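Presented sequentially are two complexes of chain A, the first with chain B as partner and the second with chain C.
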Partner chain A sequence: MSATDTEAPAATLLSVQNLSVVYEPTGGEPVHAVSGATFDLGRGDFVGLVGESGSGKSTLGFALTGLSKPPARVGGGSILFNGVDIAGMSSEDLRVQRQGGFAMVLQSGMNALNPVRSIRNHFYDIFAAHGHIGRGEREARAIELVGKVELPAGVLDRFSGELSGGMRQRVSIALALSLEPQLMIFDEPTTALDVLVQHAVMNTIRELQKSEGFTAVLISHDLGMVLEVTERVMVMHNGLIVEDRPAADVLASPQHPYTRMLLSHYGDPRAEIVEVPGLAARGPKRAPEVSHLKTDFVPVSAEARARAAGTEGVQRREGRAAREAIVVSNVSKIYPPPRRGEKPVRAVNDVSFTLEPGASMALVGASGSGKSTIAKMITGVEHPTSGTITFGDLQVDRIKRRSLKRLHTEVQMVFQDPYSALNPLHTVEYTLTRPIVNFSKLRGRDARRRMLELLETVGLTPVEQFAARLPHQLSGGQRQRVVIARALASDPQVIIADEPVSMLDVSLRAGVLALLDSLRETWGVSMLYITHDLLSARLVTDQIMVLNQGAVVEEGATASVLQNPRDEYTIRLLDAIPHPTTPTPEHN
Partner chain B sequence: MRFVLTKIGLLLLTLWAAVTLNFLLPRLMPGSPADAALAKLAQNGPVSPATKAAIEAQLGVPTGSMFDQYLQYLGNVATFDFGVSYTFFPQPVAGLVAAALPWTLVLVGLVTIIAFIFGTLLGVLAAWKRGTWLDTLPTVGGTFASAFPYFWTALLLLFFLGYVAGWFPTSGAYGRGTTPEFSAAFLLDAIYHAILPATTILITSLGGWILGMRSTMINTLGDDYVTFAEANGLKPRTVAIRYAARNAILPNLTSFGLALGGVVGGSLLVERVFAYPGVGYLLYTAVTNQDFPLMQALFLIITISVLLANFIVDILYGILDPRTRR
Partner chain C sequence: MTLTDKSPDQKPATDVAGPAHPLGVLWRAVTTIWSVPKARIGVVMLGVFVLGALFAPLIAPYSPTNNDFGRSEDMTAAHLLGTTAAGQDVLSQVIYGARVSVFVGFIAGLFSTIIAVLIGLSWGYLRNKTADVINFIVNLFLVIPALPLMIVIAAYLQNGGIGMIILVVVITGWAWGARVLRSQTQSLRSRDFVTAAIFSGESSGRIVFREILPNMTSLIVGSFFGAATAAILAEAGLSFLGLGDSTTISWGTMLFWAQNSNALLTGQWILLFAPGLCISLLATSLSLINFGVDGLSNPRLREGAKR
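What follows is the complex of A and B.
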């Protein structure tokens, strides 16, 4: 079935036969998270395992390294590691096997280190557990291992809380390496990291895989990155491996519709025409026509628009004075030093821009570049140290409690994490009705009608059904639509969207982005779109500002800035994007 | 080191504030102890000037400015001069407190520490062996035992083991005929007398420690560093103790600090039931007899012990959690 079949059996490190993993929650129906997984891994292979959330990819990764914990359980099949079945092995036998066997690097490298144990002790614990490194050699070996992940020996004396996210993930990789494994499984090793850091860590993983010669499985939701890094790709969907072929073949001729769908969501933000299903941008100005929709996005129908035109919201809007721009001039924000003896933190440094009514502007930068601080200052949560922010006649930089309500009627936020932005105890109806009652004069049946209109606007139909649901009964994309609907409840002029799609599966992103984009047309809302994802910035914005360490390094029309980036930082951000469609030369 | 110095500085500051409040509060109340005593006497008819002078001489009337009084008070506190008790006249308060304090510190303090250690260990075991009898037995048993009120358990033990069975003495810290001294016989006698009150405190407080540790430990067992430690093939014992339990104990330290602080003041009921000559019993006597000097000294001692306990826990945090050391 795959290329590995043709190789000699001795070259096979791992052979998985008809493996299934079952979740058996107490008092619930058992769920097959993985079924019928069958594949071989040869020595030195670098294989990608791709799928969206809930596809079973991590569950499979945990099963391969013998880490399935209740309620998950290997339900059947075998995992032959060097010819020995580890699926039914006792935990002590399995534990001993790990040294020189298989290792795993977890998704959230942030939390993979014991906060109260020094990095050095993490290494020593592993050496002591397996006894493969003598007491006299421990120190030298630990220094060698952190050296392999490009960290100085000094990190050994640190605690995880003193390290950055990228450093922690590197330490995790070094710890996994200290087992001298033949098989390494990386479960979303760079997901929680910043774009540029992601790129660097991934390069380290690639180089280590070559120099150490272990077999690697890279689990990721990001097909683009996997295609760029690995030789062979397995695509998982609903617990099944639907595609298992060399990366080049997957790219050239994806077989499964699901793979094709995933691939269709990649694009080069530098291209003349950028298109993903449901959204398109071309030239210096975005395309007026939106191509045919393939995702779950439900376009706002002409009928709904006509109805919306007759509703309270739009009438209120029309009856109001002219729309206003947000004017940010020479704004700086300096935070006091985090610890005594350190310098104050200059989060935002002399930033000026104007968000015109109905415009859409991207604020791009890595974490710590000050983009979220700017959002906080515009919403009046933080006050700038110097400079002014005005919204119409509101002096936002010195806003008082009383005017805050007026500001929040007009400026609303959409947050990054739809899972924590909704109160799990309240129905969608309650979540949406609260701001309607708070911000408008609508009560009772009128408020309810407005709530249903909002649901229709964000494409959650049938509206009556969605109104009655609780957040846990909604998918990530649906939750984010509720969050957007809540932001619209006050009928705002401006929406500040802080990484609104970064936590969503690729296939859901386009739908939410298309919704945000359409709000500008139907509601005339202007948008400040905060992101580190240049592709989505290209798709939904006209203007772009690139921030680096609190200062604007580049600004202009989105298409022209991305096509002809001048600042080195913008170029690095663009280079860090995986391009499955145009295989990039080796990075160093 | 700087961490410890900061904490010591904070301790001294709060100590000063506590001592000052202890000085100010009685003075903010109208009148003086002498006035109170005179008012009581006045109910039975007019008080002669001689009686008045006698009472004022006995109880003392504030002289000098507020600041002079404050300085004098600070001097008295520094030399442990808390005046003379009304109830045990003319014994000085300091001597009474000094006699009661060791009994409470040893009995309640030691038992609180033992309960914390045992409860935490049982909690670790219960979480680690979740779902087995090692989990069910301490969890259910602990909940059951700590559901009884303090004094009720005390009365049950007293009645069945002390009165009915006659195995243990029913009151006091040592036998009637003996006087406190450093001898093996007296020590054994004291331990023998301490068994029932100690068991009472142990039974009622153990459950809380077990349940608290078990639930935080179950949380840390789900943390990524525990999974990662398992993925790296660490021995189960290492994972349980150095990874899961080590982190789980941190939130429980705060409750331990509160419990330690309550040792001196919170043992009132137990000491009352067992007629144990500790601080709690002394406080009970002082309150029922309106013995203000004694009360004031005891309140100060209780405050100071709470502060000291919190200081100890702060330092413990610093040792156990590198994140607090900054």
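What follows is the complex of A and C.
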């Protein structure tokens, strides 16, 4: 074992005193990403570090393991690891420390594997670099390590390209374990994974932590998941640790308003009545107005909506509100085999449904269930292998490039990732004016007025100021509002929303969802809401279809399907959701 | 302003007006290049050559074609670099020679970059038969060895002067750039904002030139400097082989005449050394500037350059 074990093990493994991390961009003001962080980690603790993007949680994690890179640097304070200050250590000293010291598993850790070296070589490289495993024992040790993360010994002979995302993340956890660390830091270890896989990997981490007894820090944006897994939770907000208490206490009586706000956005999609701040419960008779607004997001204010309803544009909508249904019948999509000798991929298998005018329907499934392929086929981006899709008199399944523009006047799309859906070099004004010019006869000043109206509709005020901005000057939520405004620019009848909030912070989600929902009502558009998140589906849709491997396994009214799921797959999806409010039993 | 861990390139929203103006973008590009020390050296070197070329009549002590001086003289106060076998002042020739090299470099580099952009971008964006045809043509140009092709074309268009050399360099030089730009276009093509532009009803041409092209500025600028370097070297090579117009004053023709008069045997090594050094320094300056171009698209490199 490592030398550190010869000393009498103190109760505290890591002691952080008044740590601050500063970003010093060239030619910019230094920014304090973390300031005054003070906490102790005991041996064998499992601590969660929660915060939204920009809260400094990852920066803190990197500082703890000595991985801060320019322009970030430790600005002050100390990090005592086993009584040794590592804040000022050289990188070679740190490298030696990693064995029996600390390790980090990254969010993109699954992409950290070298694609041309087998998994076995990855282990051998580490063994060789630290020389703590004899040549003869390497094979056995590698098998033992992959066994710990519930992988068969066979994966050692494979290459990262042959493994799924979950398997790769497990391999990177096993690699981190190979140095017998006393402290493991998991930075969003499951964020890039599919919901069901996420759940399984999280269970593995939890069990490993118990059996191996290392101290673990779990960095995540998902308070629900952290509360479910860890014993103690630290909540970060704007670089400050605002809450540091046992998980049960945080759940029972959150102290800081920020923690309370985060918690309020969780709900159980199976409950009788589901609501989060900013989004009222759905029912047959819904309250006409958004009920209670506690959070700091700005939804479309009632005033703005009333104003919009009075404008010419919306009155025109009265006559134009969605009239035509999208009819999908017996659609299948088969992709050619990814490699020679393999079977063709059946992405969508005999799916039929009708999106009635003005309806709001959810299309739910894990990744690979074919939900995005259906969206692409409805919007004419891809053509189905068999079956028909019609919208009014348009035959969408065999649409030509020429009529695509006609389809897109009526069917528009809201993209998943607001960070890539806007051209980084165009201003908001340009982005919004283009569809107006392309789809309407408005030009010049009229087009500009319409553009400002759109910004007002999505709640980006003062409109003149937002019109001049570039995407990088907007927050994620603001970007997504611009994406929604662009989808509205052609005055469409149908909006396809492909995971519109999955890339956004929890506090921003409700705002964007409320916007989509109110637009659907005031503008009378139909919405197909594609998601893996059952809670948001419950909040904004009336009907639901659950897809598994390209086939519909369950459909019906959203509330009744989620309250009484019949299919095994729907139940698994429901179980994978973290429920901080109702501690769930084990599901393995 | 928050500091997000997901997008390290996010900048504080101080410049709300935004560098939307093309001149603003250009200014930012220039300052970015200037902030990289290697590129700064390159810019200064290039500046010296360009100024020298522009103000050659003011700087040069004599006319480069004046052959009234003694033949093959050594370095003296009157003739700092000596005279040629034909009795011309070498220093004046070197200064005037910069004109041809800089001109050919920039014009030929510009034209081959334009062709590379037009072909590379449409080739990368199209997915139909036309792309296959372009693929065939580009591959054809890539497999033909450039130097022999240049020599054959230049020999065929005997004594066409600078225009001929530019034409030859452009014909043989665009294919590589087109291939690089095509692969970048293909990767940008699948980005969400391009799909979103299709949903906004944009035409293919607009998508390629307004959505995709501005996102690869650094690659295009880089390929321009690469093409300009290649053009300068090609011009010198062709002139040295005597395939250009041997009466024009350029570094290549200086080398050609020096070789013809066996300058090395007569001990006038400076006749070969001066134009040779200038050619390599000019090419080096462009390559140095290219270091700065990398920073245009990658903010990480910009940050790292400070440390």
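The rule we apply is simple: the second predicted complex is superposed on the first by the 541 of 588 C-alpha atoms of A that agree within 3 Å, B and C clash if a C-alpha of one lies under 4 Å from a C-alpha of the other, contacts with A are read in each partner's own complex, and residues count from 1 in each chain.
In this text, a contact is a pair of C-beta atoms (placed from the backbone, for glycine too) under 8 Å apart; a residue touches a chain by one contact, two chains touch by 3 or more.
Treat the numbers as computed from the prediction; the structure is a model and nothing was measured.
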**Prompt:** Putting chain B and chain C on the same copy of chain A, do they fit or clash?
**Reply:** clash
**Asked** Taking the superposition as given, does A:Ser172 touch the first partner, chain B, the second, chain C, both, or neither?
**Response** first
**Message:** Let me test your reading of the model: by the given contact rule, A:Asp417 touches which partner, first (chain B), second (chain C), both or neither?
**Reply:** second
**Item:** Larger contact residue set on chain A - chain B or chain C
**Value:** C
**Request:** Could you look at A:Gly36 and tell me whether it touches chain B, chain C, both or neither (first, second, both, neither)?
**Result:** neither
**Asked** Now for A:Gln473: first (chain B), second (chain C), both, or neither, which partner does it touch?
**Response** second
**Request:** Using the touch definition from the top, say if A:Gly368 reaches chain B (first), chain C (second), both or neither.
**Result:** neither
**Asked** Counting only touches as set out at the top, which of chain B and chain C does A:Gly556 meet: first, second, both, neither?
**Response** neither
**Message:** A:Gly44 in the overlay: touching chain B, chain C, both, or neither? Say first, second, both or neither.
**Reply:** neither
**Fill in**
Going through chain A, the residues touched by chain B and also by chain C turn out to be none
**Request:** Please give the residue numbers of chain C that touch chain A in the complex, ascending.
**Result:** 1-7, 9-13, 16-18, 20, 35, 191-193, 195-202, 211, 214-215, 302-307
**Complete:** Interface with chain B, chain A side, in the complex: residues 65, 67, 69, 91, 95-99, 103-104, 106, 108, 110-118, 125-126, 128-130, 159, 161, 172, 175-176, 178-179, 339
**Prompt:** Considering the complex alone, what residue numbers of chain A touch chain C?
**Reply:** 23, 25-26, 28-29, 31, 33, 53-54, 56-59, 70-71, 238, 379, 381, 404-405, 408-409, 412-413, 415-417, 419-427, 430, 434-435, 438-439, 465, 468-470, 472-473, 475, 483, 486-487, 489-490
**Prompt:** Which residues of chain B touch chain A in the complex?
**Reply:** 223-225, 227-236, 238, 242-243, 246-247, 250, 320-323, 326
